[in-house]
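Next come two complexes, and both contain chain A; in the first it sits with chain B, in the second with chain C.
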Partner chain A sequence: MKQSFGLRLWRWSIISVVALYLLVPLYAMYDFSTKPYGFGDQGRTFRAWQMIPTQQDLFPAITRSLITAAIVMAIILFLVVPTAIWVHLKLPVLRRPFELLCLLPLAIPAIVIVVGIAPLYRWISINLYESPITLAGVYSMLILPYTYRSLSAALDAVDIHTLAEAATTLGSGIARIIFKIVMPTIKTGIINGSFIAIALVLGEYTISNILNFKTFQVVIAQIGRSDGNVAVAVSLASLLFVILLLLIIPTKKRQGSVLDVDTI
Partner chain B sequence: MTQLEYREPGPAISRTGSFYWRGKLAYLGVLPFLAFSGLFLLYPTWNVISGAFEDNYGVRSTAMLREIFYSPIARTAFGNSLELSFKTALVGAVFGALFAWTLATGKPGGNFYKISVALSSALAQFGGVMLVFAFLATFGFNGLILTLATKYLPNSFLADAGWLYSMNGLAVLYTFFQIPLMVLVFLPTLENLKPQWREASDALGGKAYEYWLRVGIPILIPSFTGAALLLFVNSFSAYATANILINLGDYLTPLQIAIALTSETGGSNPAEAKTLSFYMVVVVVISMSAYALLRKKVSKWEQKR
Partner chain C sequence: MSSSKYVQLVDIAKYFGKVKALDGLSLDIAEGELVALLGPSGCGKTTALRALAGLQVLDRGSMIVDGKDVTFQKASSRGMGMVFQAYSLFPHMNARENVEYGLTLHVHRTSKDKRKARSAELLDLVGLSSHANHYPYQLSGGQQQRIALARALAISPKVLLLDEPLSALDAKVRTQLREEIRRIQVELGTTTLFVTHDQEEALGIADRIGVLRNGKLEQIAAPAELYDRPQTAFVAEFVGLTNPIAGKVSGGSIEILGGVVKTLPGSITSGAGIALVRPESIDVVASKSGNATVFSASFLGATCRLTITMRDGARITAQLPSPDATGLGAGAGVNVSLLDIPVFVKAAG
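Coming up: the complex of A and B.
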């Protein structure tokens, strides 16, 4: 398509303004993380990058965040997905209430959930055992709207009633229908939901900071108080990792449709 | 298997048999999820909402609601939060929409499109720790722009990192994740604009600006406003960025909530935290309801799936 000169001028000025605003801080992160210690700008050094593996708190924190992400994914796979399928198959009456429940976290900021959960969290850490499970529980509720969106889109796309009837006629039970028959057919929806879960858990700061739980982000903030260069290097590394991950996953208007609440 | 059962359409009295109970038993299937979400979602929500109508000793009263409503500190913080969210939502929405337009009119599925969408997905989640470090590395002490500015523009505000910690600095930081979010939310709408409308306008002799003024913009306004509301809520609930940048400030409502909740000097005041949270939830619920109403309007012409 041939575009007029004015149109092209518009396009390129918009692109350059936005790109400048978004890319300059990213370049500055690279610049800052390779600056020599102290003042002056003589040459480049990869000191900050080399110091990443020597950070004591960092790797336990990454492990802790990844374990939390794994628990969140387990909750999605064995609780949220089966319930969504169950409601679709057996309790069509509950579809609307279930949807409203799943979209409720959109109306409740993370900081408010912390205020509400703090007494319970304190009780569990004092009387039971302080584990990532409580945190994972809160996280899995926070991402519920996103999980629900990708799940319901996938469930609407296949005729799971026919699948379930066929399976029943052939003699399979409900567990087999949910886990062996319906779940594989909505694999893409589940994978999309899981990626959002990982991104959220690795990037979450509010809740873990207030509940005093040293996750990845909390530890980066802590490193930033002692050595800014290293903290910037870690941030840039994790950001590049996320972008790489997103370029690998086939994106198909995932985010856009996920954020729609048009069916309320 | 509700789908397969043959149900006798007889009178209600005959439905007390095993079929009836098997239908009811299906409700047991949602119990685990209900218990779980009750513990981690409904209980906290209820705790905040009911807590706003109680004082610190659990006695029912609206004293705290009134106290916060008339407290100058809380009012200033609330005003600041609203102003910041409004500004960044507006700026983010305008620039994000323009950028989304360049993507929608460009080559679909090209490399520029793909990289922009991936970058937007990453940067929209970028708030918090990493965002603050990125901007400290740019405008902060010893940062890229600051070093350049001290060399070439020593008298401009860029030569001093102080502005970054003000409300304007926060607004610049927030806009950084608002623009990519707007791109993600608004791009599908732009891609659903029917090319036939433009063709019709052209065929009837309309100029480009006339098409945008009379057709494009009026049709996009509801979904633009909806997306802007989403951005508003996004920045209104943001806590991490402000907390890391300004460690102990209390001039935004989320910061005030955190201080009221965790104050280490013994001044912890859960009732205050709950009341402030309640006011926040009220604002968010109003915005999200408006958003849902706008979406309904939009989906009339925007055929999804």
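Coming up: the complex of A and C.
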């Protein structure tokens, strides 16, 4: 059935407003990063973009932040997700306390967390290992409110109890149920939670800066203090990189023919 | 040789706080037999089934399958195939992968070729070979339950456990699938325990039906015997329709509707009682000077159900073969009497 003109106009208006909301800041960043240096100068220059490879601290910082993000991802996949599933399946009585615990990082300001963990990180730096990668520990705590909510919503949307019991009667142990049955079933929730976690790890500034770790975001801030155009160019480049990643990540739907529900 | 006690539930009990879900249930199932557990909500039928599957820990009693005590055996190693009330196919696997799943696990592991052959055989058995690559979201409810049945059968289970597998389906599909389950069960000779609250389903599918009430077995018998010769008032009233008709009991008979019929064992032996009379045990003949009037008539195909108002104002239901009910519309005068079929009589009041 053909949609009415009014409805189409309404839909396209909404899409246009959202697109503008998202694209205008990106264009503004591009515009700023290609502005000539002097006030009187005209035209465009890619000087700031050309200077990106010359930033000595930038690439090691990106590598460190990506490694940190990968460690946080691993913690999510092998600790947070199985724990959330375990609580939903086996310890429903702990769901509320667990949820409250996971929400705590949201209620405590970052600066308070830093003050609390600074002595711990001093000890880690002196006695174990001094690297921004150790931030994965505190980040995996900070991401809990977002990741757990996303997982919890995904777990509530599926009857995992019946799936788990079906797998049990067929001979599955609990580990196989968690990793082979429930996790693939709530894949979307895990991916959503993981994206939020990565965004937080790559964007968190307060803790890493106060603890004097040179992460990606700290280095961008440093570059920004000496050359704003380059900092904005780096930020835009990283945003485009993430958008590209999101587009590349396979969204292939499982094969299957048309819905056939006319027979029993 | 088939065993008459292939599955034995011996005095099993399960309490949830003060609620007695199972209260000393004992039940034997013969090898290759299909037993249905029937009862109202909360009678303990699903708890019994889950206990046999190993999904529910018992507070008392023991369970023996094929001569082996499985009471404390883990659910994952019991080798029970189960079909659930809720759709339980793994959503990220297609139909074939779902059927093969059990065979990939160490308990029932088989080679890839054998797995493929087995899943093809079972998908063919449930009539869904052409849907092997379909995912659950591409299947109707009935198709999903048939795949779930194939998955449960793939591991060649010692006992097939069916937990109201048809209750989420519409009436037509339910009837078709019920017959299909029975055909497959007979074909494979799998010992089966079927839980349902739908008496028509139980009567239509089972070799024997166990009626449960408050965690205890009221009666277990073949469908016809359970229907014709109930041993308790609860069974008589729960299975099929009954007309409660007051009368006087003496010497193993009751006097009702102007006649005398024998009472079934378990009935009260003397005094005022209420006979629980099946609609088809009532004979209705057209008669202008009869003892009743037809209040309404419902045509049900092969039979016709009449609601009749007796002279004293009481309403009873009779069911006749449709040809015998010709001309017996609302307002018709009739004479009502009882056929010589024993009835169950409970105490009045």
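Convention: the second predicted complex is superposed on the first by the 201 of 264 C-alpha atoms of A that agree within 3 Å, B and C clash if a C-alpha of one lies under 4 Å from a C-alpha of the other, contacts with A are read in each partner's own complex, and residues count from 1 in each chain.
Throughout what follows, a residue touches a chain if its C-beta (ideal position, glycine included) is under 8 Å from a C-beta of that chain, and two chains touch if they have at least 3 such contacts.
Quick caveat: nothing in here was measured; it's all calculated off a predicted structure.
Enquirer: Quick check on the superposed pair: does A:Ile15 touch chain B, chain C, both, or neither? Answer first, second, both or neither.
Expert: first
Enquirer: Report for A:Lys187: first if it touches chain B alone, second if chain C alone, otherwise both or neither.
Expert: The second partner, chain C, only.
Enquirer: Quick one: classify A:Trp49 as touching chain B (first), chain C (second), both or neither.
Expert: Neither partner.
Enquirer: Quick one: classify A:Val158 as touching chain B (first), chain C (second), both or neither.
Expert: Only chain C; A:Val158 stays clear of chain B.
Enquirer: Of chain B and chain C, which one touches more of chain A's residues?
Expert: Of chain B and chain C, more residues of chain A lie in contact with B.
Enquirer: With both complexes superposed on chain A, which partner does A:Gly171 reach: first (chain B), second (chain C), both or neither?
Expert: second
Enquirer: For A:Val80, is the partner it touches chain B (first), chain C (second), both, or none of the two (neither)?
Expert: A:Val80 sits against chain B, while chain C stays out of touch.
Enquirer: Output check: A:Phe179 vs chain B and chain C. Expected answer is one of first, second, both, neither. What do you get?
Expert: Neither: A:Phe179 stays clear of chain B and chain C.
Enquirer: Show me the chain A residues, by the header's touch rule, that chain B contacts in one structure and chain C contacts in the other.
Expert: 165, 168-169, 254-257, 259-262, 264
Enquirer: Can you tell me which positions in chain B touch chain A when the two form their complex?
Expert: 1-4, 26-27, 29-30, 32-33, 36-37, 39-41, 43-48, 51, 95, 98-99, 101-102, 105-106, 114-115, 117-126, 128-130, 132-138, 142-145, 147, 175-176, 179-180, 184-185, 187-188, 208, 230, 233, 236-237, 239-240, 243-244, 254, 257-258, 261-262, 270, 273-274, 277, 280-281, 284-285, 288, 291-292, 295-296, 298-299, 304-305
Enquirer: Can you check the complex and tell me which residues of chain A touch chain C?
Expert: By the definition above, chain A touches chain C via 158-159, 162-163, 165-173, 176, 181, 184-185, 187, 254-264.
Enquirer: Help me check something: in the complex, which residues belonging to chain A touch chain B?
Expert: 7, 11, 14-15, 17-18, 21-22, 24-29, 31-33, 35, 39, 41, 75, 79-80, 83, 86-87, 89-91, 94, 98, 101, 104-120, 137-138, 140-141, 144, 153, 156-157, 161, 164-165, 168-169, 199-200, 203, 205-206, 209-210, 217, 220-221, 224, 228, 231-232, 235, 238-239, 242-243, 246-247, 251, 253-257, 259-262, 264
Enquirer: In the complex of these two chains, what residues of chain C are touching chain A?
Expert: Residues of chain C touching chain A: 53-55, 75-82, 84, 86-88, 90-92, 94, 101-102, 105-108, 131, 133-135, 137-140, 142-143, 146, 148, 151-152, 155, 161, 169, 173, 176-177.
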